[in-house]
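Per-chain residue numbering starts at 1, and chain names A, B, C, D and E are given in the order in which the chains are listed.
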Amino acid sequence: MSTATEAPTRNRPKLDELDLPLGKRVRLHRILYEHGVGNGTLLALPIDQGIEHGPIDFLPNPPAAAPDYQWELAVEGGYNAIACHWGLARQYMKKYAGKVPLILKINGKTNIPSDDEAISSPTATVQDAVSLGADAVGYTLYVGSPRQDEDISRLQRVREACELWGMPLVVWSYPRGAAIEAKGGRDSLYAVDYAARLAHELGADIIKLNVPKKSDKDSKMPQKYQDIEWDYESGAARVVSSARKSMVLFSGGSKISDEDLMDKARTVMEVGATGLIFGRNMWQRPMDEALAMTKRIKELLAKHPA
Amino acid sequence: MSTATEAPTRNRPKLDELDLPLGKRVRLHRILYEHGVGNGTLLALPIDQGIEHGPIDFLPNPPAAAPDYQWELAVEGGYNAIACHWGLARQYMKKYAGKVPLILKINGKTNIPSDDEAISSPTATVQDAVSLGADAVGYTLYVGSPRQDEDISRLQRVREACELWGMPLVVWSYPRGAAIEAKGGRDSLYAVDYAARLAHELGADIIKLNVPKKSDKDSKMPQKYQDIEWDYESGAARVVSSARKSMVLFSGGSKISDEDLMDKARTVMEVGATGLIFGRNMWQRPMDEALAMTKRIKELLAKHPA
Amino acid sequence: MSTATEAPTRNRPKLDELDLPLGKRVRLHRILYEHGVGNGTLLALPIDQGIEHGPIDFLPNPPAAAPDYQWELAVEGGYNAIACHWGLARQYMKKYAGKVPLILKINGKTNIPSDDEAISSPTATVQDAVSLGADAVGYTLYVGSPRQDEDISRLQRVREACELWGMPLVVWSYPRGAAIEAKGGRDSLYAVDYAARLAHELGADIIKLNVPKKSDKDSKMPQKYQDIEWDYESGAARVVSSARKSMVLFSGGSKISDEDLMDKARTVMEVGATGLIFGRNMWQRPMDEALAMTKRIKELLAKHPA
Amino acid sequence: MSTATEAPTRNRPKLDELDLPLGKRVRLHRILYEHGVGNGTLLALPIDQGIEHGPIDFLPNPPAAAPDYQWELAVEGGYNAIACHWGLARQYMKKYAGKVPLILKINGKTNIPSDDEAISSPTATVQDAVSLGADAVGYTLYVGSPRQDEDISRLQRVREACELWGMPLVVWSYPRGAAIEAKGGRDSLYAVDYAARLAHELGADIIKLNVPKKSDKDSKMPQKYQDIEWDYESGAARVVSSARKSMVLFSGGSKISDEDLMDKARTVMEVGATGLIFGRNMWQRPMDEALAMTKRIKELLAKHPA
Amino acid sequence: MSTATEAPTRNRPKLDELDLPLGKRVRLHRILYEHGVGNGTLLALPIDQGIEHGPIDFLPNPPAAAPDYQWELAVEGGYNAIACHWGLARQYMKKYAGKVPLILKINGKTNIPSDDEAISSPTATVQDAVSLGADAVGYTLYVGSPRQDEDISRLQRVREACELWGMPLVVWSYPRGAAIEAKGGRDSLYAVDYAARLAHELGADIIKLNVPKKSDKDSKMPQKYQDIEWDYESGAARVVSSARKSMVLFSGGSKISDEDLMDKARTVMEVGATGLIFGRNMWQRPMDEALAMTKRIKELLAKHPA
């Protein structure tokens, strides 16, 4: 079926065209148009790795273990948002309050137990986000996990609270667990594409995705996905398309070379991503290098007004 | 026992003859008599496949990945209802609000983990349906699953909320799980017949069923079911009969040829179904073909006033 | 220990002598003295088999698949009560409202998954029973199941609601699960005797029991039970005695010959049962035969005033 | 370490010296000083065996199957309290109301499934105890069970309700489950000693313990417990001491000879027990013998004023 | 990466510089500046071993089984706080009320079942702490346990209640469970470092840690941790640093020699710990020795004003 292998195209969702309650509209406007480049793109700095991976991620650049490091980078570099858990927000944000929007992560887990039945645990509520003056909450959904029943149930309650309080909902939509591994793995085109659509149908305003990767396990994907011809760009385009009217952020993952990072950033912005969420690729550098890299990324984003 | 193998006959439930609270009566009247053919039949267009199967179902007809495609088909084709999850309703329905009734699906799951212990997870509440102006909610019950305890418990609470708010309850009554497979499989006459009766006793206003199919595993059914002589028509008739005063919708399942689809539709309407719920068989076509097919189906339904 | 093998004797509980809140007293009076024979005996017609066994139970007499069949039998035959789930009550009872008391079954399960860890799931609440004008609720307790923790917990909450609303509580007290099978089986004297006492201590007003049966597995019972010499009559007498001030109903189970049924009914009434709950033995017959059999049973009950 | 093997000594807790809310003080005074010997000792008659063991316990003395038997024994023998579940209290207590205090057992389980993961299930609430005019509640804690998380959580909520309503809390503190068996067994000195301290720290006012027993499995206890030299008396003394300011009741267990029973009773009272809870050793006898034995026990208790 | 192996340095968190609600500020001030040395250091005496280990810990010094022993030591020795469960606080604290602050432990477990899936169970609430006049609550988090989902969820609710009531939150952050053992064990640098950061991000005001230890299982740690060169001092420094603005208490663990204890105490204070929590190392001694040792420790703490 030749149509199936054509890369889908689409326009990036525009805030004005979305059907949203006022509170979400106000807060998204603040993130997208009053910070960062200010053209509807989104550059976020995450600092949830201390929970997700442990302090191991700070070993390459010890000063980054101090959350002030990230906040200073976010403020000075002019990010659209910083994403972290309650424990960091309440102790470090005072000094930077109002200078950079907060995406409050409201669930998390360590990576110590196996991911076979992954589920992320509540660390805060939507009300906490309101109290802290946050402009969004971040919820991690482990798509396809055997514990998806609890996960989807929790997301449903979070989604309702977001609707009530006008709080934008960012879903980290991550394929994960034994069943995903048996069907091609967490980064397969099949898995990421499913994750994009699922989060959209469950009510995400913004979806954080990883760019799909080819792997040895691709032969375990459903046949229709094996039949698709794709590369980095068209894979990214496909999953952006599956996210429909939810805006998409792509992550950088573990640290890569600057040119690779720029290439990837350029590609995903061209296929319709709304923005980027770069953590280790930013703060695992000395501050001056991180600011320089931030500047390059923002120059790229400036070319992609919504 | 010869009586056991006679195909049961019955009249289709008529709205006026059912004992229902006013809110349900108003909303069912809107679905059955103010939309579609308007003669008490029901043609529904589901678009929950993005959660249940993932975007894989849109590969054969990429434009169908955009929910506007289904809404346009539903409005232009004059369907009685469209069925989808909250995330789609809130982003795409504004333009079509009031033009086609909404059946809000309030639970769902991915098909990534095994179905051995299937359960569908809450994605919305009955109150959400009220808020969205929906005319019914859709609940998927996995009949015979080892997790039936949770499933029946949840359905009981949904049923109560439906009674309170006057919201019609459509139950997708699907045999599923390891125990069902051991007794003949999900599409066996035994399984579907049980599913019909169970949903009726649990308070479904409308039941979505698949037409039973013969298979190699029929010899695992209880003896009394093995003794029944049946074909497509009498099998459908039997399960319609077991649904009693609950109206029955039959699905089309994966895409089949037009003549097969028309034959099947004709047969199930003749044995007392209230209507049809055709998703992939409709929207996996170009729009003109989908509208043409819709027209043929509606001509058929016109011959079956309640 | 010779005393241990003597069959216990006791008087049947009399409503006037029980210590009950007014609401329970009113409703039990309605069931016991204003319907049926009206002498304090109880003949109940259950129609919960559609959930517990599926429509398979209607195959021998297809007209019985229509709940009107049972309601007509119950009204015309003059039963003390009909027992069914919410879904049937709300759709069929209007026509017969007030003519025969309702025992609303408030939990149920299919028999599709294994009974090894049996638990019955909520299908309605005590408040539903109040709303429907029911005169009792029916709760199924799986005595000895590995999931007894949840089961007893749920029964405790139901019992409290019954106390609050003055709703009589009928407990279907059924030994069930892997552990019961390992100690002699669900119909063993040990198991049924335990079930009778347990339900009494947990607050049942009426207990539905099966008459104990001898089997090959009796040698797995505790020694003291193996030492008891008993027959059908003294077995029934023993379990009636263990139910103490809770009234006992015995079931008929699957369909047996008329004389066997009458013999069994006579025996259990003589040893102190308050009544009988006959489903398949009644409605798996043509209506005239069912009414005739009902008449015979009621003549028997007339000889056993409380 | 020689100190470790010295039997600890202590004074029995005196009501006046305990730090308790008024409601608990009033109710404990009623149990300890207005009933029984009236000198601060406590003789309780339990009748929860119908749930814990089933009617098997009544086989040796069939009249004892009637709860009136125990209540008559408790009133005529002048016990400090009778302990039973809600179902018995509500049906039999009216006649004896106010004549003997009630300890309402608020959880229970059958002994049919394995005890490997033992947990006792709620059968009533602290509010039920208030409503019934009870003077204490009884909660069974399975110390060391793999399900201890749920058990301790439930006890915590019960303890809070007891504090709120001024209801004394009696904890049946029973080592149980696979892990206990692997460390010496449920009656080992290690296990009972742990059970005593645990219940005390969790807020028990009174703790029901079994006297530790030596067994073949003692070599599985932690070394420090193997090093202790102890006998019946010093074992009992040790666990009484570990219960600290919680009063201790010892049980009689299964029926033993009268002289053994008197010896054991004398011993435990001498080492600081507050009282005794004798069920089968009392009511598995003809009434006159039970009253005679009760009289002997009370003469003993009279020698142990608080 | 040479930076990775440099021991991090940091200043100890100062109360005045932390961002805390008033209630927490008042209570922490009371603990840190109105008791103990009064210079912002913290010496706590825990007495939760009766639940965590059982009375076995009192065998080496039997008088310590009486909680008065610890309270007298705490008051006379001038500790900053005593930490225990509700059952002890309510019975023993009256005499010492106001003389030494209370850290109410609000969860606990026995060490009888395997720690493979460790979780600690609620024994009290934050409201209980308020009622008792406590100045902090103590919550045990089993970092990396397969049951971390429930554990983090519970901690989240406790953290919220602490914020609401202004109650300081002390987290006993203990790596535990099968997955931790597979990655180097509970005392590995990797595990303790993770535990420190995790508790900080989850909102702990104070974190109780064990000093990391080298072991045979270090080769199971992630490579980056194997690459770090460290000793007792730099290991302690690292985990103190990872706790960031949460104050750190180190424990003494099982009893060791006095000079070892002083050495360890000196070291951890020098690297930024706020204080010490010594239980068995204190109260497993005769009172005079315990007081003498307390005096030595306090002299050390006096050298470390905040």
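Following the convention adopted for this analysis, contacts are C-beta pairs under 8 Å (C-beta built on N, C-alpha and C of every residue); 3 or more make two chains touch, one makes a residue touch a chain.
Keep in mind the model is a prediction, meaning the values are calculated, not measured.
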Subunit A to subunit C, fewest steps along touching chains: 2
Turning angle required so that subunit B lies on subunit E, C-alpha fit (0 to 180°, nearest 5): 145
CA centroid of subunit A to CA centroid of subunit B, Å: 36
Gap in Å, rounded to a whole number, between the CA centres of subunit D and subunit A: 58
Residue list for subunit C, restricted to those that touch at least two other chains: none
Chain contact graph, described as a line, ring, star, complete graph or other shape: ring
Complex interface listing, subunit A residues touching subunit B: 1, 3-4, 6, 8, 18-19, 143-146, 148-153, 156, 159-160, 177, 179-180, 183, 190, 193-194, 196-198, 200-204, 222, 224-225, 228, 241-242, 244-245
Subunit A-facing residues of subunit B, complex: 48, 50-51, 54-56, 59-62, 65-67, 84-88, 90-92, 94, 108-110, 112-114, 119, 121-125, 128
